[in-house]
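Across the two complexes that follow, chain A remains constant while its partner is chain B and subsequently chain C.
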Partner chain A sequence: MWFAGRIVSSLAVLAAVSVVLFALTRLTPLSPARIVLGADATAEQIQAFEHDRGLDRSLPAQYSAWVAQLPRSGFGQSYITGRSIDLELLESLPVTVELVAVTFLLTLAGAVPLGLIAALTEDRWPDHLIRMLSLMAVSVPGFWLALILIRVFAVKLGWVPPIGITPLAEGWYAHFTSLVLPALSIALYYIGALSRLMRAAVIEVLGQDYVRTARSLGLSRGLVARYVVKNALPPFVSVAGMSFGYMFGWAIIIELVFNLPGLSRALLTAITQRDYPMIQATVLVVTAMFIVSNLVADLIQRLLNPRLRHA
Partner chain B sequence: MLDVVRSTDAASAAEASRARRPRPLSGLAGLVRRLAGTRIGLVGLVIVGLLSLAALSAPWLPLHDPLDLMMEHRLEPPGASFLLGTDEMGRDIFARLVWGARGSLMIGVLTVAIGLSGGLFVGTLSGYYSGTLVESVLLGLMDIFAAIPLLVWAIAIVGIFGTGPVQLGPLLLPNEAKIILLVGLLFIPGLARVAHGLALAEAKADYVAARRLQGAGAWSIMTSDILPNILSPIFVQVSVLIGIGIIIEASLSFIGLGVQPPTPSWGGMLADARSLAFSDEWWVATWPGLAIFLAVIGFNLLGDALRTVLDPRRRDGGPAL
Partner chain C sequence: MTAPALSLSDLSVAFGPEIAARKVVHGVTLQVMAGEKLAIVGESGSGKSVTALAVMHQLGRAGRIVGGSMRLDGEDITSLPESACHELRGRKVAMIFQDPMTALNPAFTVGRQLVDAIRSHDDPGRKAAWSEAEQLLAKVGIDDPRRRSGQYPHELSGGMRQRVLIAMAIACRPRLLIADEPTTALDVTVQAQVVALLRDICASSGIALLFISHNLDLVAEFCDRIAVMYRGRIVESGSAEAIFSAPRHPYTRLLLDAVPRPGRPLRTAAPAPLAESPGEGACDYFSRCRLADADCHVRPALRGAGTHLSACWRSA
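The block that comes next holds the complex of A and B.
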């Protein structure tokens, strides 16, 4: 029941966001007709173009027409390239999703243990070291890190290809290593931010009465650790889910540096070509990913925390 | 300000002695002194202070012209004549870094100023009118805003409206104005949510009820009672958000949608350095990156210190980006 309500509200938010996005792409200073037909086009030609594509109708009418065609023909065609926007997204989205997924796994693999170690050694040197490193990690701009990583690991050491993505056909290992540098460029910031969060969550649980009781009863360290992690996870999960959504934004910048054929190329090309329907579709897809990842995080958080389930 | 020291009557003397003791938050000077008392706060203050000083005094510093293309000196390594070397077009990197600091700091501070005023306004209003239509409309609006991945929308909106200047009445605003407004707007929901929670608690407090009985109006209660009381936990976030604003500006400039060349910006300098990623001229890409890193870590250190000083019980937040 809770989940149904959450889905409905997510859909409502997505619908509202799509209205905002639609309005923004229609409020542009330059008419798409002018972009496609060029500066020499006559007023009649412009009018005919706008009439054919319904651009001369009112904003609400245009929006409802756009929504009506979504289930039938998806996002339709780009004015500029004439290509199907859906096809374009089907080609580029998987690249970005894979990059973000690898980034997310790297982030968890780094942030969870580091946060745990810092919390368990609170105010001793490992804690101080980890906190200092995480503070530095959240201050490094990802695209600069990307340039450094390329220089060190690809150019100087030659361990990985500097740019591009090795196709899966050339083997798992080669494919994965070509994703490591871009993923690391995005992940470092989140490893820093999420390890701090994990540390704080674990320290809070460690201070609870039930942990003290468990310890004083002489329960094994392993068992106590299980209680602690289980109770520290819910706040961590919700922020991790949000981070998963945010990572798509950084992917746009980092993919550019590594020349990956993902959403970044689709969006930035659309921007230089002033291909508004394409910009609109790309941003809508990323926003939908963001909303869905928040939804999934909420769901997991509820499964982990029975108290929330009965609230 | 009341000149308490020179007053002679007993009440004022008592007040004066109270004023001499350290109060929890006695203006900006007191806050700075308490920040400098913590180690991270001191380092943060020094970094942010030096950067701001350099940015403000850029026109009067003995620097090369940051726009001067000295083609005969292109790609010179760091040395006596060019402290940090020159770039591919023979421009002095140090001068460009100092001038670039102006844009970065200004955009960082102004975006947060917009986010802060919007967030406080929405948060206080919705917290005070909790349980009414005002609250549900404002919070619903914030939910929509919060469902927006900040960076992608900033890229897309600048992309849609173009990087050219905007005519606003008699003012011709550069692309920076667009970025400030955009990122500032996108900062609002996060701050509004925190402010709402705090204002909600304050609005239920006895002193607010007492003020209402005295006949104080809603606006007066909100501005002179609730707002000052929720300010410090909100203020804790300001420094960290400035750092995030700086990173966003640098990222946008890096992909060509931020500060437009030839105006020097750290992100733009890194974009120019991209073509040199494989060559031996390490300095071109090193310094602007270090500058961003230094600025952001300065604001993050200051943010940590602010949290320690103003709001020690609150735990670390997650990433805001």
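The block that comes next holds the complex of A and C.
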């Protein structure tokens, strides 16, 4: 029941985003016809181009035509290349999703233990060290970090390829290592931010009466740790869920630096060429990812917190 | 003669860093026999909870024992390594805290928490622990224990949660149960039920009870002996009847008078000090005492005939 409600509201958000997205796309100056046909195109040619693609109709009419074709023929064809956008996304989306997934796993693997260590050593040297490192991590811009990482690990040390992605066919290890630098460029910021959050959440829970109760009953350290973590995770999970969505935005930039064949290439070319359907498709897909990650975060929250389940 | 369940002798506790340590418990001496119920009474900050936490070895990072000794069942527990503390807590001493609304973990069912407590010492196995948990819930007066054990703390009333906490505390049959104002957060009818439950448990299992309260009336009714604490020291101790009917220390009298009774004008503690304290070494109660005079510039020790002791020059 709760889940059905969340699905409906998620779809509503998606619909609202699609309207805004559609309007913003059309508001960008310069018609795609001008870009495709070049500066020498005649007024008739431009009119014909716009008529073929329905661009001479009113915005609401264009919007409903776009929505109507979605179930039938997907996102349609690119204005520029004439290729199916669905196929284009099918090629580029998995790269971005994989990059974000690796980034997210790196973030969790870094932020959770660091946050725990910092909380358990509150105001002693490991805590101070972690605080300093996370401050540095959140202060460094990702694209700059990416360049430094390439310089050190790819150019100087030669451990990983500087750009591009090694296909899975060449072995999963080579494939994974080619993703490590771009993932790290994004993850470092989130490791810094989320480890601080984890630390605060754990410290808050450590001061709760029920932790004192557990200790006064002689429960083992491991058991006390489980009591603490299960209560400290909810705030962490909701921010981590949102971060997963934000990482798609970062991925677009970092993919450009590392020349990865992900959504970034598709989106940026589409924007400079006013490839309306391509822009809409890409942004809508990223929006959907954002919504799904928040939905998953909410689901996990309910599993962790029984009070939400009964509300 | 068997050793007392708990024996504190000249126990002192301090908080803060070594150089700026602040003593909050000064040389407390007391004994609780098996099956006996001792109450520690006093106002906020008098050191009663700190004394209890010292016994539990739960003073935290800032607090430590700086003098005296503690014995549990004759065994010295004054300084213990962390592993021995784990064996002590729950198994030998268990504690019930003031606020049942926050003392249970909101993310686990009460049954699960009770089972974790049972399995922490002498683990009888998962299945046996669950059936033991249901028996314990029944023992503390919870109807339909099977259903209740599957519920979360937020689904239980305050009184029921305190019963669950009592069940957790007695799960491993400790020798001593410390109850730190267990009824303060409950309404009066539930308060009476919880007190009756604690009395029954002590009577049937021989567990010694250290009951911390600021309500002299309540403890006089159901505890065997009372120790009154003021500013980290015991100022009067004796049987509940003796203290209730013939209090000797002016502070004890003040505590008794602070309870409103029909037909008597309410007397409250003097808000402002009556006199400047003459300094270190004087009676701690000097500045609030109506009877203080030059004798009181020297702090009196606990004294008296028999078991009724009082730390006041003015008491007979």
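One rule holds in what follows: the second predicted complex is superposed on the first by the 311 of 311 C-alpha atoms of A that agree within 3 Å, B and C clash if a C-alpha of one lies under 4 Å from a C-alpha of the other, contacts with A are read in each partner's own complex, and residues count from 1 in each chain.
Following the convention adopted for this analysis, contacts are C-beta pairs under 8 Å (C-beta built on N, C-alpha and C of every residue); 3 or more make two chains touch, one makes a residue touch a chain.
Keep in mind the model is a prediction, meaning the values are calculated, not measured.
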item: Clash-or-fit label for the pair chain B, chain C on chain A; value: fit
item: Chain B versus chain C as contact partner of A:I279, first or second or both or neither; value: first
item: Touched partner set for A:W2, first chain B, second chain C, both or neither; value: neither
item: First, second, both or neither for A:Y246, with chain B first and chain C second; value: first
item: Which superposed partner A:A16 touches (first chain B, second chain C, both, neither); value: first
item: Touched partner set for A:L217, first chain B, second chain C, both or neither; value: second
item: Partner chain in contact with A:Q208 - chain B first, chain C second, else both or neither; value: second
item: Three-chain overlay, vertex chain A: chain B-chain C angle, C-alpha, nearest 10 degrees; value: 80
item: Chain B versus chain C as contact partner of A:L304, first or second or both or neither; value: second
item: Touched partner set for A:L197, first chain B, second chain C, both or neither; value: first
item: Least Cα gap, in Å, left between chain B and chain C after the two complexes are fitted on chain A; value: 19
item: Complex contact set, residues of chain B against chain A; value: 143-144, 147-153, 155-157, 159-162, 243, 247, 250-251, 254-255, 257, 267, 270, 273-274, 277-278, 282, 285, 288-289, 292-293, 296-297, 300-301, 304, 315-319, 321
item: Chain C partner contacts - residues on chain A that touch it in the complex; value: 208-210, 212-220, 223, 227, 230-231, 304-307, 310
item: Complex interface listing, chain A residues touching chain B; value: 9, 13-14, 16-17, 20-21, 24-25, 28-30, 135-136, 138-144, 147-148, 150-151, 155, 162, 189-190, 193-194, 196-197, 199-201, 204, 239, 242-243, 245-246, 248-250, 252-253, 256-257, 267-268, 270-271, 276, 279, 282-283, 286-287, 290-291, 294
item: Of all residues in chain C, those that touch chain A in their complex; value: 56, 58, 85-91, 94-95, 97, 99, 102-109, 116-117, 120-121, 152, 154-155, 165, 168-169, 171-172
